[in-house]
Every structure is written in structure tokens, then in C-alpha cells.
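Here the structure comes first, spelled out in C-alpha cells, and everything after it is commentary.
For reference, chains read A, B, C and D in written order, and residue numbers begin at 1 within each chain.
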């Protein structure tokens, strides 16, 4: 895949399929330490992105990301809607009006996305949120992008690998942000649904990029 | 899962259709985004009072739309806070020169989505303020949590600010009043059974036959602590202690006592619990001057109750007594 | 069994204590025998409207005591009709020259106990009449049964006779009106889960995860027929058909539609069902001119709903609209 | 036992013990085809009779029966309260003011009781109610009382035996009266709780009479 507007659109379609496939898993994770809606909400939002891309894919990768952002903001709700919405919005702003993204641009976009999530949600590493998947992902992406001749697929694969590990690390954590924090110590022993969905999204994008 | 529904994805919209048909004298309902608006909105010169949140807590919020209370309610998907565009639609339908107050329950999702909506409204030159209610004493209010949740106090806040707006208070005054109420209202909840979210299809948590969740929220989040079921006298005492000692409420205080059913608890048990709470407060020298008993902020079919105490003064009592005409609360002065 | 109670034997009395504390402005409660009486009873010159029955159906009947509706309610033990001496105490507290109407739901126990109470009142020279409401279409009205049960129609009957008595109608007139209402009101109920009677400790019947009881009563009696759970559209259509075709209600009729929760069904589902019923009636050319939606005649924590249709004319609509001020129903003209 | 006022009082105390012992069974029977209160209600009523007899036992068997009747009427409620209340009231009226009952009087009292139940409840044999235990009991009592030298114990034992058989016969019946009639055909296959309690009461009286 080349990281043009159409390439990003295809990657988002792949992400939508991944979330649809893992909808029940995400609901179940959220049922354990939250309110059982994360998979439903995210699935509704991603499906809405696919529909929004249907009439015509916007001109640039940035415009596609912006459409994704506004769709998430107006269709998902809950905590994840504004957080993921902000992530995509910051990424869109970061990449600007170029017609194709290179490895460095993707890494920068991911960093901007994480910063957006942290700016909105105020979570830091270790709070047992999607930040625990996204922060290592951004770092790994930057590192991969620094490697001579790295392509977008390599950057996203590194990010997805790191996100998967980061997500796993939330199992042992006690939540300090989001709904799971109400549980206190009882939140430990469970995978954070948002961290899991972040890992799923990045994996789908990485695979689409190959 | 046993529910009287069609497709789980359509539950909220289909339910709103029934609500609209039942209460056409009080409200009109807009769809996509879904908003419930006072039938005669916008009311010229009046501060608009708007609230919203995930569905599944009915009658909160749509049941409180009408003269003397809310101008609009914004129902999200079940247990999911509504999106900013829906809140914006509510603002557009109700808000004029006098501005609007958004009543936001303290959950990450609600706070973030209403925050964005507030920014959108400001961009349109409207004076829209937000207050965040966080009355649940079950959650430690520390940097280690998302902060206390907004629960039963929300109902009282909506009634009292609604009355203030109805008598013509300015947005400054209504906002200050709201902060005062938030400062002196406290709640605690308990669950005997779990709710089942339609799209999830399974109960939100599992409880043994002799277990209850103490310090439950209203979204099927497990409670703070799992304890053994105990007789009503002991359970209500535990709840009264938690609420009273938090603010604290002390001898000589005049309060409003709100005994709320989480949905599945029958009235027989609810009034029984209310009677015990009245007795325990009297023993502490606290005067119950007003009361509300019923299922007003629920968690689908969850069995359980919550107790909310609001410290009253003459002004708050007067605003509480002021006429209200909504689907769920209705009285005259 | 999970309930917020102390000793099951004390549930009704303890709950009444809470009810009395919550609604001292509307009612006073007498104990042993337990009777809930309008705060200002006896109302001089007015026909007294009295009803009662087993507890566990709250807000029926105590929640309907107050101006414009009942003068007294007589709560029996859970699901057990009250004894004649309790009914007699209600008569004594409320009834003067104008006499009283006893509203009796058609169950063997209620009929027999109210019958005896009526004889006791007659012996004291009071003009006390009884009407028996039997609106449940689920039961075949033949000599092979105890006859149709009194269910949702009871709420409407209490409101309408209460309004007639409030405007000064004679006992003859109120009695005739009651018989007219009974003649044109019909109901059907469905249960998704069973209630648990406190002293029994076990659910009243067992249902598989995909089964419901169609034609349920309000005492945890199993329904007439066990069917598979179906989508709300199909279920409500089945219910509407049963009610409409019984009287029958026909195109051009104006009706009051009462969509009732049996206790455990959340408002989200209740309004969803109500919306479907409104649509189906419109399709049949039946005009829904008034509606009531909520948990008004329940069966403890049972999940389920009932639909009640009352054929309206101008007089009945006017009496329905007349002001009422009770714990559970409250509006002004 | 001699069937004096005190004897009748003792028999009623024995009946109260029997109902207390079978309280749960009667609740369970009523749960199957009714509303799960028969055992609770009857137990409350019989316990109230014991309390009512406590300060002083009335002078005559008839007065004891009348006290039992008014207590049942004001303490039991439901269908069984007025029906059993009427039964005891009719029995009390029938035995009049004598100070001791003989076998014939007991049989007559039982017949009056059944007639009272039928007058109030309008049930006939085969409707699956307490009448199905009480009617054969009355007939058996009359027959036993006709036997030369029969005593009260013999009469009540015959009645109890017949009541037990009559109660059993309700299992196959479809209810046509009372709450179980709402079930239609589904009421078949269950023992009627009121028939069962009638059999229990008569057995307790018969054993007290020995």
C-alpha cells in the first residue's frame, strides 16, 4: 500500500473490520471493569467512518483522517469517542495537506495523536488506559522511522507490536483514570479495553500497510 | 437476556418514539441526533437548563424535561454519554440571550463530550456554562480515580436549577446556585443484582446469592466493595453512615432525603428502606424536611437503591417546592 | 432471595412506616389493622372511594390515596387480600352520610373479604356498595374459572370514580359510572421473570431463558400460556390483538392506553412497548386520546408489562383529566 | 380427650402445630398453582388462635369454635381466611351451647362447616378446592357416627382418612375455582393447597381426639 488518501481509507476500512470482529471481546473486557459498551461504541464509530468514506474519499491523507475524527466524535460518545476523535484530529492536523505520507510523517502523526489523547484525558503511563498502548507505540514508531530506508509498513508494524505489549501490561495495573478507576484495587487482573482496542487498530493499520 | 426490545441498536430511538407519543404535551423529540426538548422551547429570556448522559437511567433525564426543570435532555446510547453534536442540537433548540447551563455528571465520557459541545456553543457566540456534579461518596475523590461520580444528586440539581431558571435568575446566579448544591449533596448506592446492557446481552457483573455491591454506580460498573447481604436495618445504617459522615451532615441540619430505586427494587422495599433512613437521621438529630422516594435515576433493571442527602436552607427548600411539570416529577407550589 | 427487608413477616408494616413518613401531607396510616387514609378524611358530604388488596402491587393502592382518587387503601399481606376488619376500619375512617364505594379486584379472596366487610358496614347503617373489576382478557370468563381477574383497569377505575366523587356525584351515580368503566376496560399482561414473595423465598414460577408467560396475573400466578420470547414488535402486537379483539375496540373508538410495568421492566423498554402499541392502534383506526405509562400496578420485582385499553367518551376523558394529588399520580386540570 | 371446651382448644393447638410444621409445604403447593401464600396465611391464623386461647379458654366448645372463626376471619385474609372462618362459624352455630360434643355433634358440625364453605365459595366437588377434601370428610364422619358406640376420635379419624384421600384426588383435577383456575389445564398434576391443609387440620384434630 502507498500511504495516499485511498491507502489511508483502505486502512481505516481494515480497522473497521478488525473492530467488528473483536466487538464482543471489547464489550466483554469493558463489562469486567467498565460498563460493557466499548466494543459497541467503537464498532458503531468505525462503521460510520466506512459509510462516510463511501460517497467519495477525501483528497488527502489529512482530509481522510479529519473525516475519521469528526465521525468518531459524532458517533461514538463515551470516553473513547472524544479521545480517539482527538487522536485522529491531531494526526490530521499534523500531516497537513500532503498527498502521501512517508514513514517519518506516520511516526509524527502517531506522536501527535498520543499527545492529543493525553491532553484531553490527562492520563499518564501506568493509569491503565489506551495511553499505555499508544505511548510505547509512538516511541517504537519513531525509532523505526529513524532506521535507514524504513517504510510506512515497518513503522506501523513496530507501533502495533509495541501497542500489543503495552496493552498486555495493563493487566496488572490498578486503574487511575476512566471508569475502571472506581473499582480501585479490583481493577487489577483485567486487560484495559481501550488499550486493547488501540492495539487492534494499530495492528489493522499495519497489516493494511503491507 | 430477556428484554422487550427489537434490535438492540434501536432501543434508544424506539423508546424515544414511545416517550414522544406519551408526552406530546410536555416535550418534542428530535432524532439524529436524538434530543428531547421542552414542547415550548425556546422560552424567551430564560436560562436554559440542559442535561444528558447515557440512556438506561430513565426517567433521568428525558423524564425531567418540562416547565420548572430541564429545557432539554440529551440521551446517548445505553450507558454511553452522548456526542457533542447532540448536545449542540439541544443548545440550539433551547438557548437564547440568557444562555444555558449544562449539567454534567462526572464521568470521563460525559465531561469530554460536553466540554467539546461547550466549545462549539461558544464558537457560535452563546453563553453556555457547565457544572459537573460528583456526589457519590463511594469513590475516593483523589488523583487516583476519575473523581467522584455524579449520581442521585443530579435529580435534585436539575430540579433546583430548573426552578431558579424558571423564576428568572440570571445565568451567573443559576451557575452559582448549582455549585452550591453540588457542594452540599452526597449519595451512596447499593446493588443486589446487575443490569444487562442490551447490546452486551449478559449481566454486567456476577453476584452470588448472598452478595451485594456496596458503593455501586449507575452504569453496571461493579461497586467499590462486595459485601454479604444483610438485613435492611443494617444495610441502610451502613448507607446513612457513609453519606452523613462524608460531608458531614450534623445534628441540627435540615435535609432533603432522596431514597431512589435503581430500577428493579419494588416500592415495598424502597419505602421500607426510606422509613429506616428517616428513623436513623432523626436519631442523629438531622431533620428530614423534604423527601423524594421512587425510581428516578436508575440502572436499567438493576435491583438496588441509593440514598441522597442534600443540606437545605430556606432558598433551596423554596426552589424544591416550586412547581414542576415533567413526565416524572409533577407538583404545584 | 435478595431483598432489602428485615423479617419477612414485617415487610408490609415497615414499608407503610416509610410511606407514612414520605407522604405525611397526603395520608395518615393506621396500624393493626393496617389502613392508609387520606390525611383530611373524612371529607364531609363526599362519597368515599375505598380499595385494597394484597400488598406487592405498589403503588396500587396506597399510592393512589389523596384528593381526586382514593379516600382509603387497605393493604393486605403480600399477595393476600386484606381481612374484613381492616376494610371496616377504612370505612369507619372515611365514610359518612354520602356512603362509600368499595373497588374490589376479582379474586376469590378479595371478593369474600370485602363481601364480609360490606355486611359489617351495612350492620352499622352505612350505605356501602361494592363493584368488582375483572378486566383481564387472559382468563376465560366462564363457570370453569373464578372469572376474570382485576388488573390494570383498576388504576383507571380508581382515578375516574375518585374524580366523580370529588365533583360531588352521589353514590348511585358513582356506582353506575364504575360499572360503565368496568364494562369498557380490558387488559392483558406478560411476564419475563417471576416475582419472589418474601415469606416464600423462591421465585413464584420458573421460566427458561427464552420463555415468557403470556396472560400473566399480578400475584405470581403462572400465566395462561408459556410462549417463546419474541421481538417487541411481535409481542406487543400479540397483546394489542388480545385486548382489542376482546371488547372489541373498533375503528373510530377513542381510548385511553395504559402501558404498565409489572415492576422490574425498565422505562426504556416500557416506552418502547408503548410506542409500538400506539402505532398498532393507529393502524387499526383507534385514536389514543389519553395515555398513562409507568409502573402503577406491579407484581413485586417481576419483569413484564401489561396493556390496558379503556374506551373513552367525553365524560370519562373529563374525569380522567380532573385534578389528582396522590403519591403516585399527580396533575392539575 | 373429651370434647369439652378445653378439649377443643387443645385440638386447635395441635392443629396449629401441624400447620406450622407444614407451612413451607403449603407455600410450595400454592407456589405451583397459586400465589405462594397459603402456608404463610394459615400459619398466621392458627398461631393467632393459639394466642387468642391463651388468656382464657371460652366456656363451651361452641364458643371456642366461634373464637377460632373470628380469629381466622381477621387474621388470615386471602380466599382461605373467609372460607375456613365461615367453616368454623357454621360449626360453632351448629353445636350451640352444649358443654361437650359427642360423635354425632362432631359429624353434624363438620357437615355444617362444609356447607358453609360451599355457600361462601360456590365450589362443588371436582373443582379442585378444599371442598374436595371436606365433602368426603363430612360424609365419612356421618357414616362413622352412625356406627354403634362410635366416639369422637373414630368420627374424626374417619373424616381425616377421607379428607386425605379426597385431597389426593385433586392432583388430577383441572381447577375451576380459586386462583389455580387461571391456569386452566396447566393446573392438573398438582395437589390443591387448600385440600391439603384441610386434610392436615382434620388429621391433627383426629389425633388430638385419641
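Just so it is clear, a contact is a pair of C-beta atoms (placed from the backbone, for glycine too) under 8 Å apart; a residue touches a chain by one contact, two chains touch by 3 or more.
Everything quoted here is computed from the prediction, not taken from an experiment.
Asks: Averaging only over C-alpha atoms, locate the centres of subunit A and subunit D and give their separation in whole Å.
Replies: 75
Asks: Roughly how many whole angstrom separate the Cα centroids of subunit A and subunit C?
Replies: Roughly 54 Å, centre to centre.
Asks: Centre to centre, by mean C-alpha position, how many angstrom separate subunit B and subunit C?
Replies: Subunit B and subunit C have C-alpha centres separated by 29 Å.
Asks: Between subunit C and subunit D, what's the gap in Å when you average each chain's C-alpha atoms?
Replies: 32
Asks: So which stretches of subunit D touch two or more other chains?
Replies: Within subunit D, no residue contacts more than one other chain.
Asks: So which bits of subunit B are touching at least two other chains?
Replies: 78
Asks: With chains as vertices joined when they touch, what's the shape: line, ring, star, complete or other?
Replies: Topology of touching chains reads as a line.
Asks: Let me know each pair of chains that touch one another.
Replies: A-B, B-C, C-D
Asks: Quick check: in the complex, which residue numbers of subunit C touch subunit D?
Replies: Residues of subunit C touching subunit D: 9, 33, 54, 76-85, 107-109, 112-113, 115-116, 138-140, 143-146, 149, 197, 199-200, 202, 204-205, 217, 219-222, 224.
Asks: Using the touch rule from the top, collect the residues of subunit D that touch subunit C in their complex.
Replies: Residues 27, 31, 33-37, 40-41, 44, 73-83, 120-121, 174, 176-179, 181-184, 186.
Asks: So in the complex, which bits of subunit B are touching subunit C?
Replies: Interface residues on subunit B, with respect to subunit C: 2-6, 11-12, 14-22, 55-56, 58-59, 63, 78, 192-193, 209, 212, 229, 231-233, 235-236, 259, 263-276, 278, 288, 291, 293, 295, 298, 300-301, 303, 305, 330-332.
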